[in-house]
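Each of the two complexes below includes chain A, the first together with chain B, the second together with chain C.
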Partner chain A sequence: MERIEVLKTYKIFIGGQFPRTESGRYYPLKLKNNMTVNVSLSSRKDFRNAVIAARGAFSGWSARAAFNRGQILYRIAEMLEGRKEQFLEELKQLGYTPAAAKKEVEQSIDRLVYYAGWCDKYQQLFSSVNPVATSHFNFSVPEPMGVVAILADESSALLGLVSVIAPAIAGGNTCIVLASESKPTCSITFAEVIATSDVPGGVVNIVTGNRKELHSHFSSHMDVNAIINCNSEKDFNKTIGENASLNVKRVFTWNKNWSDEKEQGPYFITDLQEIKTTWHPIENIGVSGIKY
Partner chain B sequence: MAKKEPKKLEYFTDWKYAPSPEATDHIRLQKQYDLFINGKFVKPNSGKYFDTINPATEEKISSIAEANDKDVDSAVKAARGAYDKTWSKMPAKERAKYIYRIARLIQERARELSVIETLDGGKSIRESRDIDVPLAANHFFYYAGWADKLEYAFPNRHPKSLGVAGQVIPWNFPLLMAAWKIAPALATGNTVVLKPAETTSLTALKLAEIIQESGLPDGVVNIITGHGPVGASMVNHKDINKIAFTGSTNVGKWIQKAVAGTDKKLTLELGGKAANIIFEDAPINQAVEGIINGIFFNQGHVCCAGSRLFVQESVAEEVIRKLKDRLETLIVGDPLDKNTDIGAINSKMQLNKINEYLKIGVNDGAEMYQSSCTIPKKGFFVRPTLFLNTSQSHRISQEEIFGPVLAIQTFRTIEEVIEKANNIPYGLSAGVWTDKGSRIFNLTSKLRAGVVWANTYNKFDPTSPFGGYKESGFGREGGLHGLMPYLKF
Partner chain C sequence: MTYDFRQSPVVDQVGIEERVARFNTRSIKKGSKVQALKLALNMIDLTTLEGKDTEGKVTQMCYKAMHPHLALPDLPSTAAVCVYPTMVKVAKEALKGSKVKVASVSTAFPSGNSTMQIKLLDTKLALDNGADEIDMVISRGEFLKGNYNFVFDEIAAIKDLTHKYNARLKVIFETGEISTLDNVRRASDIAIYAGADFIKTSTGKIGVAATMPVTLVMLDAIKDYYFKTGIQVGMKPAGGISTAKGALQYLVMLHETLGNAWLDNKWFRFGASSLANDLILQLEKEAKGVYFSKDYISVD
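Coming up: the complex of A and B.
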């Protein structure tokens, strides 16, 4: 008799662990092979748990050496490259052609490598030593904002997810991402990649569910510092913007075509950075007295 | 009331350090090494080989090929061919992936490289394992990331590669210097001909193996070995676009003269005679550690070594007493022993030079103080040495010794120490020890040196530019600034 395949239960990813939604709810997703996946319909409570995990991970992650963050992002790329076949198959089940699937995975890997490189470089481009007129050493450096909530691109199964997670964590933030509702399976498999890449638990949290239900919770939570919407729903954006004002969240609409090579760059990192300026006295200033 | 005797460190104890040698049985070395040209190891045109020895035992490790003008020419041709055919045409992000691979392979083979570095060069295994090799890997990682981001580094300038870079490196940090040279050159799209120093070719040749394993297209990196004339031949080669040299100021001056009137771009990282300045409000115990690290790191074979100590008079007695105490605890000997602080002097020639300077110091009237440690009978070793009562005019205060020898002067005022620190042809680095931040920034703005360490010393990082003022050379390696010497705009 033919061997029966073992099917995977798709869960969500919070604090480095893979629970199902606390709500017990699901939504069915029919794959191209006619199998059905019961995707977690995450609740407000799941999101709130994820924020706790993300906040808990923030001090450790943001304090990591930039170089170390770069090594870890590069590790994610290595892990993804090694599991390429699995993603190709999963993308196919979501309706991608083989060529489109290949492009999606390869661009995702390259994008991770790209942002791995930025981890210890954006500071050098966006910091400054400010020549103030008084006798002070005055410098400004970027620092991560904190916890970032992201509503990922609905149209992309993997690249849209990677393109927003990478710049957020490259800059030392932690995040909670709502995956594409219609293409959620790859996001959970990507969470497995993250879980095996030395990314500390809680740095990246991925939930699946309904954007209509969750966007107001994502934007109203008082312990979230920034919110990114990668979709173009006008009325959602209004709600998100209004809710964000509750605690002055930074709001970004990154409604991008992520397969365009131009939609990567240090500005995706700096969007999620604060600038800190430090003043320090200098005993006396000037180059008088230098004779050599 | 009687003056209290100052507390003295107690060394006299029954506890001794047991030998803790690093294993060498996993090291694979060939009896003979050829030149790495166009992706292959090829015999030198001269047919000649020279011995590379372990300076701690004076035993031969392997034979190294001696390149001549013809070999230099074929290496340059290979580099030019690779530049024209593949490397300059490859998308930057793919170029980056090769450099990342090299970084990973160095990490994977880190222990092997550390042991070979120590065997061939004499530095303590603790330093090659914890500093040289990890920093070399990190340097490749860092510059790999720049390859496809150069437009951001130099906005509106459309940076372009130069072509073939000829790179000549010294024997004090063999693998690390190779990384400092090769990584930015590749990231910016150049191809490379590199010559390691004749006493320390092995890790560069191991790097050649790694480069082969990485699949880097043939000819992108060529490594040729030999003595001074090989470097001279590279400097004079007509088809090299850029010369990068780290080494002595004398050779640097010769190179600058040799490339005068050509279109070759040049960077020089030359000698130093750094002032390490201790103010009375400094955390004294930390400062003493900083002085020790500043001058005895890598046997003092460091261009940025803190070889001139300036101590404020009010704390001079205490600092010097503690320094002498600390000197006594340094373990000099087998570089492969994990407890060793100071390993072997790199070569007989360098040992002679250091001993010559010890004589000069004494003859000039300075007071020599050495650790009472025993040093091995075989191999090239020297006791860590302090010179007290030196003055600015002493040769040991003016000239680079490149060994574990510290010249100590005192000072009273900040103006005085700035004057003394700057009054020297060199300007590579300096150290400042004080609890007062505002004083640090005063000093960093007045010291004419490319790197200033405040309350620390001898710190290196791929993101941090390194290089000198004045006769310590020009151009920077490391960081964003380290890209510039390999680009045209």
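Coming up: the complex of A and C.
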């Protein structure tokens, strides 16, 4: 007897779980093998739920040892490597050539390893001891901003997603990502990778849906601290900028070619950091009597 | 009027749960939602009952009770604050000139394990300090032993005292400890017939606090008593209600069980501390049209 293949239901990823969109809405996505996937058309309420999850996860994630965050990012890379074949197949169904699919997956894995290494290093490079004219020990350190909303690159199924999630969480932030609307399937499979990589629930939340509908909600929510748009729509960016002013969110347009090796670096991490400066009332702290 | 508490009606648990599930499907939006959120805020007994309470903390909480969120000027105050007897004076002073009442727990709260003499003194202390309302606990051990007369008598004795001071009496069952819905119904009948002005679910000091099924059983007891005597008794679910959505579901249940006459903080209260901030969060969202952040709301 011929076996009926069991196909995956593509749901969304909020707080470490895979709910369906609360709106019950879907949009059809035709794959290269002529199968049609029903992809969740997420609503503003899904986004709100994701923000609650991300806010809840923030204190724990940002308080983790930086080294431990590095271990977890590396673990994501390990899991992705282990499920390479699945991603290659999914990318092909989204229209990637075998060569392009292989490059996309391998670059994604490498990028995760790259940012895993940065987790406990950017702090040294971007901290400073500042000379001041009073009897204080004055120093500045980067701290994570909080909840970051991300509108992922429309043109990339996996690498564009990984390239923004990795620097955000490497720096101790939590995030909500709207996946590429035309290439959403890989993002949900990537969520399965995250769910099995010791990433605490709520640190990464991935929703699928329509950027036109959601960009204003992503940018207006008062409990979001930064927003990144990886696409170049001028009118969206205008709305995002206006809405972000409500609570002075940091706004970034990262419209990059992510397959370029240059589009990775510690500055993607520090963009999502605030600098805290401390004035510590100590006079002489060095053997030489130097006053900083 | 005589009433044999062994004959209290038994509760159909499945029926209660089904009915509660129905309440939770009601959709309240826009103007009605704002009205309900404000009503819920106005029904809160803002509570601090901790060993670490200080005069400063109580004063701060009283300010919050009078002015829940200054950025929205037309918000109501909460109904009352709820504190330990020793903090009543401080609260009374801080709330001077406002409509916010001072409720005090008493009778060896939260366990209720003490002698009647001490329970009366405890209550008298709160009343002498100026408490407008007394939240007493029943002796759960005696209740579970079947010693219903004991429970009835202790409630009646405290009621005697509060009545002299013109204070209202809330009776806490600690429903998490008396476990079954049948017991909840029986405790409700005992308290109501002994003269309780309010019946209240929980102390907030154990894991299981107010739930909707328990509250519905208590509302049913209030309803039956009202039909029999024409006397209104208040209801106060306490503990575990921390979201605006949850509070609105309680209000729906209240409205559909007891009707409009109870939609007032004279007859219904929420015992809560973090609920106020979630209500403010939702009210801000309704006012500004965007989801709000707790960064802009005072913690205490």
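To be clear about the criterion, the second predicted complex is superposed on the first by the 282 of 292 C-alpha atoms of A that agree within 3 Å, B and C clash if a C-alpha of one lies under 4 Å from a C-alpha of the other, contacts with A are read in each partner's own complex, and residues count from 1 in each chain.
Quick note on the criterion: a contact is a pair of C-beta atoms (placed from the backbone, for glycine too) under 8 Å apart; a residue touches a chain by one contact, two chains touch by 3 or more.
Quantities reported herein were computed from a predicted structural model and do not represent experimental measurements.
Of the two partner chains placed around the shared chain by superposition, neither chain B nor chain C is touched by A:1.
In the superposed model, A:266 lies in contact with chain B only, and not with chain C. By the document's definition of touching, of the two partners only chain C reaches A:220; chain B does not. Within the superposed three-chain model, A:99 lies out of touch with both chain B and chain C [touch as defined at top]. Of the two partner chains, chain B is the only one touched by A:120; chain C is not. Look at A:110: by the touch rule set out above, it reaches chain B but stays clear of chain C. Touching more residues of chain A than its counterpart among chain B and chain C is B. Looking at chain A, you'll find no residue that touches chain B in one structure and chain C in the other.
Listing the residues of chain A that touch chain C in their complex gives 48, 51, 217, 220-223, 243, 246-247.
Only residues 66-67, 70-71, 74, 110, 113-114, 116-121, 124-125, 137, 265-266, 280-287, 289-292 of chain A touch chain B when the two sit together in their complex. By the touch rule above, chain B contacts chain A in their complex via residues 93, 96-97, 100, 138, 141-142, 144-149, 152-153, 414-415, 418-419, 422-424, 427, 436-439, 441-442, 445-446, 448, 462-463, 470, 479-480.
Interface residues of chain C facing chain A in the complex, by the touch rule stated above, are 290-296.
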